[in-house]
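The structures come next, written out as C-alpha cells.
Presented sequentially are two complexes of chain A, the first with chain B as partner and the second with chain C.
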Partner chain A sequence: MEKILGKTKIDDWVAALSDHPQEVGRGCKAAEAATTTHWQVSAPVLEDGIWSYQSGSGSVQLEHSNTTQPPKGFSFPQREVFFSFEQIKGEPPKLTQKLPQATRHAVFGVRPCDGCGAVRMDKVFSDHVADTYYTARRSNVAYVGLACNQPQGINCFCLSVGGSPVSSDGMDVLMTDLGDRYFVAAVTDTGKALMAAGNSVFSEPTAADRKQLQQTHAEAIAQPQRAINNLDAAPAKLKASFDSPLWEELARACIGCGVCTFLCPTCHCFDINDENTSATPIKGNRVRTWDNCQFPDFTMHTSGHNPRESLGSRLRQRVSHKFQYFHENFGMPQCTGCGRCITECSVGIDIVNVVNKVAEHAG
Partner chain B sequence: MPDNIYLPELARIAHIKEEISGERAIKTYRVEPVNGGGFEHNCGQCAMLSIFGRGEMMISIASSPLITEYKQFSVMRVGRVSAAFHELDVGDVIGIRGPYGNSFPVDDWRGKNLVFIGGGVGLAPIWPVITTAVAQRADFKNISVFYGARSPRDLMYKAELERLRGDADIQLSVDKAEEGWKEFCGFVPANVLDKKPSPNNTIAITCGPPIMIKFVIQNLQQLGFADEQIYTTIENKMKCGLGKCGRCNVGKDYVCTKGPVYSWAQLKQLPEEY
Partner chain C sequence: MINIQDMRDTARGLLTKKEVRAVIGYRRSTNGMLAEPVVITDPAQADELIWDPTCFHNLSLYLVEDRKFLTHVRKTADAPIAIVAKGCDARSIVVLMQEHYFERKDVYIIGMSCEGSGVLDERKLAAKGIRATDAAFDGDDFVFATAQGEQRIAAREVMADRCLECREPFPKEHNAVLGENKTGRELNAPFTALHRFEELDAGARWKFWEHQFERCIRCFACRSVCPMCYCEECVVDSISFPVTGQTSAEEKANRVRWIERSATRPENMTYHMTRVLHLAGRCIDCNECERVCPVNIPLRLLNNKMEREAREEFGYEPGASIGGPSLTASFLDTDPGKFIR
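Up next, the complex of A and B:
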C-alpha cells in the first residue's frame, strides 16, 4: 500500500488512529484486542534539550534531526516490574505477575537506523526462548518511520554497516519527505492497518510522486557519511586483536558513564533486582532495569574476581559484541550507524575510529 | 518453558547441612517443589534460586538427575543472596527457575575411565556426574576423584566421599599440612601430577577456582590428556539465565545457554574472559 499524505494532514491521520477501533494487532490476542480501541501515538518531542519519543501532544512534528533517545523503550523500558511478592517467613509467597498492558503504540518519525535497531533487539529477545515481557510489549508497537533525505548528524554511518538512510527494515510504515507531502508506504500488515485507519487523509500517488520518491532515495543514499572501512573484515580483525594493547589506549579517556550503551538502539543488557517496600512481611517487586557493560560491577563475580576488570576490556566488549560476537551469532553487526554513542560521549570515544583503528592495526 | 520465563516456581527447604563453618561457610540445601511442580535436569545444569526480597543467584544443581524427590545445592556464603540463604530454616519457601545451560555428555563417557578433579566448593557442579557414575557403576571403568581444599575443615561432602570408597578411588588433599592429616599435602593440580592418572580411554572433569583449573589443565596435558578429554565448567555472573541479560558472555557464547560445560578443546577457542 502506497499513498501520499499532505504535510498539513499528518495530525488528521494521528487523530484517526487515536479514535479508530483497531481489530488487528501484530501478535495481539483477540481478548486483548477487544479491550484496546486505539493507538497511542508518540512522536519526537524536545524537552530539557533532549529529543525523545513522547505521546499526547496531539500534534506530530517530524521536522527534526534524530532523537537523542532511541525508541527502544517502547518494547524494552528502562525499568519494568516483572512481578510483586509478599511473603511471611516459612510460608509460600504470594506472587502477582505484572504483565504489560496491551496499549498499542504507533511511534512516528522513527529513523531507519532505529528501525534496524528493533530488528536486532527482536533477535536477542526471541533467540533461545522468547522473552515474556519484551514479546508482549513489542507485539503492540508499530514504527511509522521517516527516511533520512540528509544524514541526521555528522556521525551517521548507516551505509557502512549494511543499512541505508531509506531502509524499511524494522518499520511498519516508511514515510519519505517529498517537500510539501510525504510518500507513505506500508511495510507490514500492521502498517497497512495503520494506513487504512487514516483512509481519506491520503491520496493516491501519481507517476510524478513515484519518480520524485526514487530520485529522493537515490540522492539520500548518495549523501556522504562517515564509514566503518571494511565491515566484512571486522569480525576477523577484532578476533585477532583481542589481546591488543590498543584497547587500553583507546579507552584511556573513558569515564565509564555508560551513555554509549544507554542511548544505543541495539544495546539490550539488563539487571534484575528486588525492590522492597516492606520488611515484615516481606513485600516488594522484582524489577528489570537497563544495565551497562561499561560498568565494572556488570561482570564482577561475588568473589571479587572480574573477567572484564579494565576500561579497555569493557570497550573491547562493547565494540566486539557489536562487530564480532553478534555477527557470529546472527550474521549481522549489532550496530546500525546512528552515531549517538559518538555524539553523546563526553570524552570523544568514537566507535567508527575504534573499529577502523583496530582493524588497521590488525593488518 | 513456562509462560512467564522470569516467574520462579516455589520450592521448600527440606534439609540443611552445614558443610563448612566460618568466614567462607558452605551449607548444602535439599529443596523440594511446592504444589507438585519441579523440573528434570541433566548433570552440570544450573538453577536460578530466589529469596524474595533479596534477589536471585545462579547455582549448580549438585544432585544426580537420578534423584527426583529433591534437588541439592551447595552454597558458599559470599554475597547478598548467598548470605540470605545461610539465614534460611527448614520449611522456608524459596523460588526456583531452570534448569539452565548445557550438561556433561555423560552418555558418551560410558565404557571409559573417569577422573574428577575438584577444588573447594567446585566439587558441587561435578558431584551429579560423580554420583550418577557411581550409581551406574557397571557402565564405567575406573572412577577416581581428586578433591582438595585449603585445610581439612574446608573439605565438603566428607562423609559422602568416604561412602564412595570402594566404588571410586578417592584422593584428598589440603593446601596446608595439619596435625593428623594422612593424605596428600599440596595443591590439587600437584596431587594429580603425583598420582599420574592414565589418559588412556579416560575423561577428566574439573571444577574449582579459575587458577586451579588452569594448572589442572596444564598438568593433565603434561600427563598426555588431549584437549577433547578434558571437561570443565565456567561460572560467570548471571542475571537471566536465558541468554539475554548480556553479562555472562565469553566471546560469542552466553555461558548460561551455551555453557557452563565446555571441553578444553572448545573453551580454548574462546577469549579468556572468565
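Up next, the complex of A and C:
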C-alpha cells in the first residue's frame, strides 16, 4: 500500500489512529485486542534541549534530527517489573506476574538506523526463547519510519553497516519527505492497518510522485557519511585482536560511563534485582533494569574478581559484540550506524575509528 | 593570546628532558570539531596537542585514573606527570592534593589562562544554528569554520555559563603558565544562573526538579567524569557488599542497597542528592557533569547552590589552597551554628 499524505494532514491521520478501534495486531491475543481500542501516538518532541519520543500532544511534526534516545524503550523499557512477591511467615510465598499493559504505540518519525535496531532487538529477544515481556510490548508497537533525506548528524554511518538512510527494515510504515507531502508506504500488515485507519487523509500517488520518491532516495543514499572501511573483514580482524594492546590505548580517555550503551538502539544487556517495598511482611518486586558492559560491576564476580576490570577490555567487549559476536550469532553486525555513541561520548571514543584502527592493526 | 606552539614546546621539552613521564592534554577528536583528552609520552606527539574553545574537559580526572592505576599495579612513579590545566582544572587539582590524593611533587601543571575567554557551550552554538567544523580563540571572540566560511562570534555569546561566571580564569597553582592573568574580568556576576533560577518559588522549583529527575537515565556520566568522584566504591554500585563462603543467600538478598538500579524518580533523586552533598566544598565548578549529561539535566544549579552556601555561611572557596583546611573536615569558632538546635 502506497499513498501520498499532505504535510498539513498528518495530524488528521494521528487523530484517526487515536480514535480508531484497532482490530489486528501482530501476535496479540483476542482478549488483549478486545481491551485495546486505540493507538497511542508518539513522536519526537524538542524539550529540555533534546529530541525525545513523547505521546499525547495530538500533533506530530517531523522536523527532528534523530532523538537522543532510540525508540527501543517502547519494547524494552529501562525498568520492567516481572512479578511482585509477598512472604507472610508460615505461608507459602505469593508471586503475582506483572505482564505489561497492552497499550498500542504507533511511534512516528523513527529513523532507518533505529528501525534496523528493532530488527536486531527482535532477534535477541526471540532467539531460542521468546522473552515474554519483550514480546508482549513489541507486539503492540508499530514503527512509522521517516527516511533520512540528509544524514542526521556528522557521525552517521548506516551505509557502511549494511543499512541505508531510506531502509524500511524494522518499520511498519516508511514515510519519505517530498517537500510539501510525504510518500507513505506500508511495509507490514500492521502498517497497512495503520494506513487504513487514516483512509481518507491519503491520496493516490501519481507517476510524478513515484519519480520524485526514487530521486529523493537516490540522493539520500549518495550523501556522504562516515565509513567503516571493511565491514566483512571486521569479525575476523576483531577476533584476531582480542589480546591486542591497542584496546587499552583506544580506551585511554574512556571514563566508563553508560552513555554509549544506554543510548544505543541495539544494546540490550540487563540486570535483575529484587526491590523490597516492605520488610515485614517481605514484599517487593522482581525487576529487570538496563545494565551496561561499561560499568565496573557488570562482570564483577561474587569472589571480588572482575574479569573485565580495565576500560580497554570493556571497550573491546562493546565493539566486539557489535561487530564480531553478534555477527557470529546472527550473521549481521549489531551496530546500525546511528552514531549516537560517537556524538554523545564526552571524551571522543569513536566506534568507527576504533573498528578501523583495530582492523588496520590486525593487518 | 596564547600561542599553541608554546604549549607544544613546553610539553615537548618536558618529555625530551624526561622531567615528566607523560603529558595529559588535548588533541583533535574524530567527532567533528571537538577536542578530546590525550596522554602523550613521546616528544614527537607534542605537535598533536591543541588548545581551542572545545577544550572543555577537566583533565585532572586522568590524574586520578593514573593514581588508581599505579596503586593497582603497585608501582611508584619515577617522574611527575604533566597536565594541561585551565583555572578551574587547576583548582580541582588543588582540591585533590588538599585531600592527599597525590602530592604536589607528583604533578607538573602546565597552566593555561583563559584570559578574557572560556570554553564553548555547544548548545548555545547550536541554538544559533551554526554548524562548525573548527573553533579557535581570538581575543574576545571565537572564530568558527563553517561550510559558509569563517564566522566570528563574541565569545561571551556562546561561552559556557560557568566561564561567564568564573572568578578565577587563571590557574594560580602551576609549574609553567601560558597567557595573561585576567582574574577579576567579571563577565557575569558569580551565581547569576542560580539567582535567576531561585526567582521561582519553592513549589515551582520542586516541580522543576521532579521533572528533571524523572528524566535521568542513570548512565552515571556525571559521576564518571567528575575528578572528585574518586571513591573506590560508590553507593550506586552493588560491588561494596563483602561476600565470603559463609554469606547466606538471604544475607546477599537483604544487603543494604541505598539506591536501587531502577531509574525511577525517587532513586534518581537520592543518587543526585548524595552526589551533590559529597561534592559540597569540593566541587570547583568545572561543570563537566552537566556538559556530559546526554539528557541535559542542569546539574550545575545543584552544585552552585552548595558552593554558594559554603561561601556565604563559612567563607569557604574550594580549591583555594593545598594546605588549607577543607570545608567538611574543619571547624572554626566563627562558624555559624544556627542550624544546630
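Convention: the second predicted complex is superposed on the first by the 361 of 363 C-alpha atoms of A that agree within 3 Å, B and C clash if a C-alpha of one lies under 4 Å from a C-alpha of the other, contacts with A are read in each partner's own complex, and residues count from 1 in each chain.
Here, a residue touches a chain if its C-beta (ideal position, glycine included) is under 8 Å from a C-beta of that chain, and two chains touch if they have at least 3 such contacts.
In this text, all values refer to a predicted model and were calculated from it rather than measured experimentally.
Three-chain overlay on chain A, with chain B and chain C in a clash.
By the touch criterion stated above, A:N273 is placed in contact with chain B and with chain C alike.
After overlaying the two complexes on the shared chain, residue contacts for A:H128 are found with chain B alone; chain C is out of touch. In the superposition on chain A, A:T302 makes contact with both chain B and chain C. Judged by the touch definition given at the top, the superposed model places A:G49 against chain C, while chain B stays out of reach. In the superposed pair of complexes, A:Q101 makes contact with neither chain B nor chain C. Once the two complexes are laid over each other on the shared chain, residue contacts for A:N230 go to neither chain B nor chain C.
When the two structures are aligned on the shared chain, A:H321 is found in touch with chain B, with no touch to chain C.
In the superposed model, A:Q87 makes contact with chain B only, not with chain C.
Within the superposed three-chain model, A:Q214 lies out of touch with both chain B and chain C [touch as defined at top]. Once both structures are laid onto chain A, the chain B stretch out of 73-81, 127-135 or 253-261 that overlaps chain C is 73-81. On chain A, the patch touched by chain B and the patch touched by chain C overlap at residues 271, 273-274, 276, 291, 300, 302-303. Taken in their complex, chain B has these residues touching chain A: 1, 3-8, 10, 34, 52-56, 78-79, 82, 89, 91-93, 95, 210, 235-237, 239-240, 242-252, 257, 271, 273-274.
Across the complex, chain A is touched by residues 29-32, 34-39, 57, 61-62, 123, 212, 215, 217-221, 223-225, 237-239, 243, 252-254, 260-264, 288, 291-292, 294-296 of chain C.
Chain contact summary for the complex, chain A toward chain C: residues 48-50, 52, 68-69, 78-79, 154-155, 252-253, 255-259, 262-263, 271, 273-276, 287, 289-292, 295-297, 300, 302-304, 342-348, 350, 352-353. Of all residues in chain A, those touching chain B in their complex are 82-83, 85, 87, 89-93, 95, 97, 99, 124-125, 127-133, 242, 268-274, 276, 279, 282-284, 286, 288, 291, 293, 298-303, 305, 307-308, 313, 317, 320-321, 324-326, 328-329.
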